[in-house]
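Reading through the structure tokens given below for one structure.
Which chain is which? They are A, B, C, D and E, in the order written, and residues in each are numbered from 1.
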Amino acid sequence: MGSVRLENVSKRYGDVTAVDDMNLEIDDGEFISLVGPSGCGKSTTLEMISGLTTQSSGSVYIDDEDVTGLPPKDRDIAMVFQNIALFPHMDVFDNMSYGLRIRGTDDEVIERRVDDAVETLQLEGMLDRMPSELSGGQRQRVAIGRAIVRDPEVFLMDEPLANLDAKLRVHMRTELQRIQRKLDVTAIYVTHDQEEAMTMSDRVAIINGGVLQQIAPPLTCYNEPANLFVAGFIGSPSMNFIEGSVTDRRFESETVTVDGVGLEEGSTDAVTLGIRPEDIYPEAAHRNGETAGTVRASVDVIEPIGEKMFVYLVPQGDGHTDDVSADLERDHLLMSVTPDTEIEENEVIDVTFDQSSIHLFDTATGDALVHGLKPEQQPTS
Amino acid sequence: MGSVRLENVSKRYGDVTAVDDMNLEIDDGEFISLVGPSGCGKSTTLEMISGLTTQSSGSVYIDDEDVTGLPPKDRDIAMVFQNIALFPHMDVFDNMSYGLRIRGTDDEVIERRVDDAVETLQLEGMLDRMPSELSGGQRQRVAIGRAIVRDPEVFLMDEPLANLDAKLRVHMRTELQRIQRKLDVTAIYVTHDQEEAMTMSDRVAIINGGVLQQIAPPLTCYNEPANLFVAGFIGSPSMNFIEGSVTDRRFESETVTVDGVGLEEGSTDAVTLGIRPEDIYPEAAHRNGETAGTVRASVDVIEPIGEKMFVYLVPQGDGHTDDVSADLERDHLLMSVTPDTEIEENEVIDVTFDQSSIHLFDTATGDALVHGLKPEQQPTS
Amino acid sequence: MSAEDSTTASRVETSTSRSRYRVDRTVLNWLERRSDTQFVYMMLLPVFALLGTMAIWPLLYTGNISLHADNIAGANPVGEFVGLENYVEILTGQANLQRPFFSLSSPFTSAVPVTLIYTVSAVAVETVLGFAMALILNKEFRGRRWARVALILPWAVPIVIQGMIFYLMFQPSIGFAVGPLNDLGLISTTPLANSRDGLFVAVIADIWKQSAFMALLILAGLQSIDRSLYDVAEVAGASRIQQFRTITLPLVLPALLVALLFRTIGALKVYGLVESTAGCNTVPTLSCLVIDLWSGNRYGSAAAVAFIIAALIGVLLLGYLVQIRQQENGGR
Amino acid sequence: FGGSDDGASVLQLTATNEWQNNSDAIQEALYDAGLSEDIELEMISGGENTDEMQNQYSQWLNSNQEQPDLLAFDSGWTLPFIVREQILSLEGELSDDVIETVRSDYFEQSVNSVTSQDGELYGVPLYPDFPTIQYRKDLVEDAGYDWEQHATDPLSWEQFSHELADVYDQSDVDYGFNWQAASEIQLGCCVFNEFLTSWGGAYFGNPEENLYGPVGDRPVTVDEEPVLESLRMARTFIHGTDAPDTHDDFAGNITSEEAFQWGLSPSMSPFTDRNAVALRNWPYSININGADDALGEDMGVMPMPYGVPEGEGEYPGTGGSIGALGGWNYCVNPNTTQLEDCLEFLEVLTSEQFQRQNFELVGHIPPRPDVLENAGDVPIMGRYLDALSYAGDHTMARPVTEVWDQQVDPVAQEANAALMGDAGVEEAMSSLADRLSDIEAEYSGS
Amino acid sequence: MADASTADESDNVVERTASKAIHDPDTVYRWLTYVGLGFFLTVSLFPFYWLFVLALTPTNQMADMGVVPKGFNPGAFLEVFETVPFHLYILNSVIIAALSTIIVLFVGSIAGYVFGRYEFRGRTPLLLLTLVISYFPPVAFLIPLYRLFTGQVSLIGLESPELYNTPWSIVMPLSAITMPLIIFLLTTFYRQIPDGLEDASRIEGSTRIGALWRIIVPLSAPGVATAGILTFIIVYNEFFFSYLMVTGTPDDWAPILHGIFAFQGTQQVEYNLMAAASIIGVIPMAVIVMVAQERIVSGLTQGALKE
């Protein structure tokens, strides 16, 4: 059994606080992804769970046992390291079988498991290469192999697919899930690839600056981000944010006006409206659902990327000048449409979005206020 | 000036042929991405251009000069290494300024450039950390910084963003492009991230097993893949392939029939039809364009990932059994739809696709025959 | 090939490691569960048990002897307790030593100057030559293996033999070195009888042997450097000399400092070489004093000089240690 | 270790190099001379040189080691061990007969070196050692001299130097008179000692009274004129008469400057190779150089020349031909478990038969004058019996006291400095006198 | 830094006029390497050649030596073994040196690991303490150790074991005296191994000690091999304890030093035998150097330390 629990865990390196008062509860057999910006403390969190680093304060529980002080080898975990860390003096076979050999597993069993892993990892014929004779992606796969040949309680994986190409990633993703299910093992998975986090995990934990922001199933994080950070972080390209204020259930900014906002009357002032690029569409292509108002904007740049097309819009709100260069990012609206949409650069179009896809946040605290402007709906978090 | 040309370049490590008779011509100031499966020879190609590895045969030209035998330091290149390779005994500032200090650049200039890079890379306040005190992504950024502070003829970048989160990747992408344009430098960029390759490059080179498959602008690669490999490799999720044969301009497989195929009569037999997941849509949502026939299929799995939804279909063609487990991959059709599409698992639906989005390949050689079944259209490659 | 070898090797290892694992498991497990601090001290137990009985206790014992008078006639060579008298007498030049402890008027026949001259000149030259040798040995060339053996071999020569070789070399009429060097005006016809020349011979002999020691340590340091760093540097445009200065040197520096540290200590303690070439009467190093006193059954004075040597070395090495500390702080 | 099994017991003894190199023959000789065949001898080396042996012995004896059972002691440093009671007194252990034999029949000086202040015997001399002049009889004769007559009637140094210079001139050898001037114990204990004593000087005044002490209560006389004269003479040998501090009466340039770094062996090898006229060395080298494959009958031996005639020295016993007395003694480890065997061994050492054989085999001079006199039939050594007997009667022991170890190095250093010219003769000797006095003062009464 | 740029500029001028060699610095370096190598080889090996010259020259020819043997007497090499059981001395020495090497590498590795990879209170003082030990001349240890090994020191009523005349009386003190050097050496090498590799090993289930033996030591192969050679040679060549801690007979574990002394009498020196014995005595060293330096080379393949 391999439930994992962090209680008020912090880790400080001198002045730097890498992880700050983290509380995390992971059920046995669950697949959790940790995501967050570079340097936010993901690897540090894994290291504390593995026992490689001792937390500065707080406790780590594995299987409801406080494992503080328990050496890594007794925590029964397997780990894929972000820096790969192959043993340079061992060939691929020895690297992969290392953990089993340490435990004195039968040679036969070792060979079988390594063979299985080799097939999964598409590393056939490389067993007696040295790490220095492998490509970057091959090294990373060996590192994964070193972990999956084992049968641990907890899998810790730190960006295990970072160096793999898309096809292989997809393949490895399913394989890792399959293995995780087969071994019925708890998996904690660090990734910077949202698609990975979204498709693989039971729940996603979003961390920022060492602080846990939200932990929830992937779609919840996507549809009901707990705060501005999560909203902006999850989803690529990122959610559009428009700062404004709410007066009498009406959101107003320089460019956008939305009615029927589900906030108590009077709770006005600094509110940020969030809308995802794919939720914006040209007025012309009106879909189902109730639209939340129209924005007139000029098309700045069109970026076609195969299966979709990004359209950078400059809203033509009141008081908005044409001086685009200033504060470019904040003032742009990004719209994602199918490649066959007929739009030209510099054209001025009307775009719209559904009320159901609007998010409102408190600009000051960043906390989410309302997701999907159904007037009757209460804010979730 | 920094045009780069590879002529019949091969690299062999003992039995392994890492790069096989590669011909590649890169114009001055161009941004080229190298993509391909793990271990296909991307890094090796960069190494040969940089002069770190000498090709087994063939010649490398930089700026029309045969540089074989010219040491790296005289090739005026900057490189981001896949394995990062920071100098462990130098802090971040020293690592980043290394190339400049070596050249005896003025301290002032160094400071300015490093400061610029630090800002670009969001590494503020880390200048006097040692590499061992950085997170994985931070290390990678330092490695990028070490290259971008310089002003070389050619930028070689080997998966420079592999360890960064999505937001930072997007940011870095634009920054790298900006820098490349500003310095007007030739860039050769290895990535496994197709979006990166698609959005950043002037042309994309797809390599497989050391052999160059296609080099063309991103959308050409996407829309007119030169062969089965490229078709399958570019685009995520991958293109669906259906094997069949063509008789009298009519493509037929067990499950799908398409009329009006632009192939000469009689050139029948083994032909593979390719269709991208996003080009398949439920019959109900018929778009514009001429449909190429309907496929009845049962919905096997639905995978929602935020902005879109993957639907795994099992076509109910003649002779198709319900035994899904066997040969699962080949028999599945993957459809990518917007999340609001109303579909349920196990439902049987009719899906269709436009003639214009169909690709035909010679099953035996893999070469593309026709892209987009406009009967009058001739095959491109 | 080598990959194959190592595969089989480690596969063989498996069976043995398995049984070992079983046997030691309890101890290892217990150890593994110690906190870092406890673990560290447990791990240091064997070293300090060994050093304690074989070095520290003996030094305390000898230190105690150094506080007692000499007793050259009695059955017990250690006389009555006299406190620091031995030290005072030696340092003030009152003690009857074979040669003066410190005399600037006769630098080649008094212990401290002789030892310092010897140490500085030998270690300086050894460092330069050792580094050059290590750089050469780190290169790929045919026959490198034998070249390494050949260059390291002098270090493997027992001191007695080393001394004999140079004794004979500088023996007039037998050694071939005297004539030419004398013609050049570098040495007298009887270099081993002359304090200055004898020192020169000893330094040469030391360089011959100990440069290899430097080379060996530096070579090991060179071998440990991650090759990919040179790739980076090369692409960054560093010339060989710059690569040497910015990568090789700082990364071998720790090993070099260790070599320098221990060569300096070794040179400051030199005895055997001197004794087997020019002799302690001609080239009276500090250790010569200790041995002479000890041979003369003057245990108290011998112990005191030994401790003075240690103190002197300690003072001289303070500089090195500061360097090393800086290295460590900078390096991690 | 070394215990006795099946009746045979093993005696461990340190042995001189000559013995070690001929251990089988020596054992045979011992058995022939009556040593029980049950006693097996294991000869070990005490050390590379006499200094190291001395250190080694201190360690052994200080720590009450049971082995080696028997120790070969240099007569130059037996006494300190006796003083420290680290070796076994043989009084009451050896039979009275044997003790009596040693006391009355042995060379007196040798017996002195194993006798304590209160007259107890602590060891049995193995052989006495005294240097002689070995010379190329053929060259000397070719030059018209006859040095055979000086086998029992020594030359004066003055005459020796002139004749030798003449022989040297007339021959084509590279070296004239080889002796040892290196700053080693050899110079302090012996060479310099011989020179100054033959000139009538002494280290500590009257040797008959002061040689063995009392430390601190005796004069230091190394800065007296005879000593200075002897140094000037020696300097003349090397530097010629034109250099400062030399003697115009002597012939110069007969000794190579190489002597400054010559120990025994380097000084000997040119002579062995027929490349020198004369050599000062110990008897062992007679056995080597007199061998048929070396110089054979071409070598002559005579006693050391004299500075002032016998009896005309400053102190009793000084003047005349003087050889420094060395030699080795066997003493018993007080912790031995095989005392009986040790005593049996010592007894055999006193047998005339063994002493003759030892003389013949390795050139160890019989410690008893009467045995030496009757040994004329011994192959090589026998030829030079006259000279050896004379030399044996004209020796000077070194001033071995418990502080001699401290003193011998300064003596060697200062004498060497004077010889090399690093310091003037008077300057060196007055400095030596100071240093010796300091040592005397420091250890007075100890 | 400033002169680097001027060097760059002058490059253009030089390039035009200079020979091909300067165009191709590799050739220059290669050439320099061979010149340097030639020099060092000559200097290193000449004395050994000199030993051969002496060994081959019969004793009675040993004068006015040039640099070629006078005569040819290879029998000296056999005579060495006839005169004394030289092989036994060598064997003893090899055993003693090997035992010491094992102990020093084992204990020193653990200490080097702790000092190199952990920060703890007392680290610096303890390191300094070990260093201070090496300041003292060997005599400073001799007297008490001699008493200890001859059973004269009693601890809590127990007499110390009689180690005199056993290999341990040499092995133990020499292990201790060599230890500071080895600790310092291994500390520097172990320090350089990236933490990640040790971490990976521990995750895979090895203990800290396990990771030390399986990962850190093999990865520091050049350093460990060097440490091994150093220890072996130091012990093999050592003078004081080797000389004084045994009686001197081959049966009582006397090392080679005593064997060589057997040729160096107080009065007569057989140069040719000594030279021959010296050459023979160096052979085990040559073998060790050969074997161990192989480890130095093979220890790290290209880029071994990258993380």
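By our rule, contacts are C-beta pairs under 8 Å (C-beta built on N, C-alpha and C of every residue); 3 or more make two chains touch, one makes a residue touch a chain.
Values in this document were obtained by computation on a predicted structure and should not be read as measured data.
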item: Neighbouring chains shared between chain D and chain E, ordered by label; value: C
item: Longest centre-to-centre distance from chain A, chain (CA-based); value: D
item: Higher-contact pair (C-beta pairs counted), C-D versus A-C; value: C-D
item: Centroid spacing, where centroids are CA-atom means, of chain A and chain C in whole angstrom; value: 57
item: Separation of chain B from chain D, taking each centre as the mean of its C-alpha atoms, in whole Å; value: 96
item: Chain C and chain E: spacing of chain centres that average the CA atoms, whole Å; value: 11
item: Chain C, residues touching no fewer than two other chains; value: 2, 29, 32, 36, 160, 173-174, 226, 228, 242, 251, 294, 331-332
item: Two or more partner chains touched - positions in chain D; value: 48, 55, 62, 270
item: In chain E, residues with contacts to at least two other chains; value: 4, 25, 62-64, 142, 192, 194, 207-208, 210, 299-307
item: Chain E-touching residues of chain A, taken from the complex the two chains share; value: 47, 50-52, 71-73, 77-79, 81, 83-89, 98-99, 102-103, 130, 132, 146, 150, 156
item: Interface residues, chain C side, partner chain E - complex; value: 2, 28-29, 31-32, 36-37, 39-41, 43-44, 46-48, 50-51, 53-59, 61-62, 65, 129, 132-133, 136, 139, 141, 144-145, 147-161, 164-166, 168-169, 173-176, 208, 212-213, 216-217, 219-221, 223-228, 240, 242, 251, 254-255, 257-258, 261-262, 265, 269, 271-272, 286-287, 290-291, 294, 299, 302-303, 306-307, 309-311, 313-314, 317, 321, 325, 328, 331-332
item: Complex contact set, residues of chain E against chain C; value: 4, 25, 29, 33-34, 36-37, 40-41, 43-45, 47-48, 50-51, 54, 62-67, 103, 107-108, 110-111, 113-114, 118, 120-121, 124, 126, 128-137, 139-145, 148, 172-173, 175-177, 179-181, 183-185, 188-189, 191-192, 207-210, 220, 222-223, 225-226, 229-230, 233, 236-237, 239, 256-257, 260, 271, 274-275, 278, 281-282, 285-286, 288-290, 293-294, 296-306
item: Residue numbers on chain D that touch chain C, as the complex places them; value: 48, 51, 54-55, 58, 62, 80, 83-86, 174, 181-184, 256-258, 260-261, 266, 270, 402-403, 405-406, 409-410, 412-413, 416, 420, 435, 438-439, 442-443, 446
item: Interface residues, chain C side, partner chain B - complex; value: 226, 228-229, 231-239, 242, 246-247, 250-251, 330-332
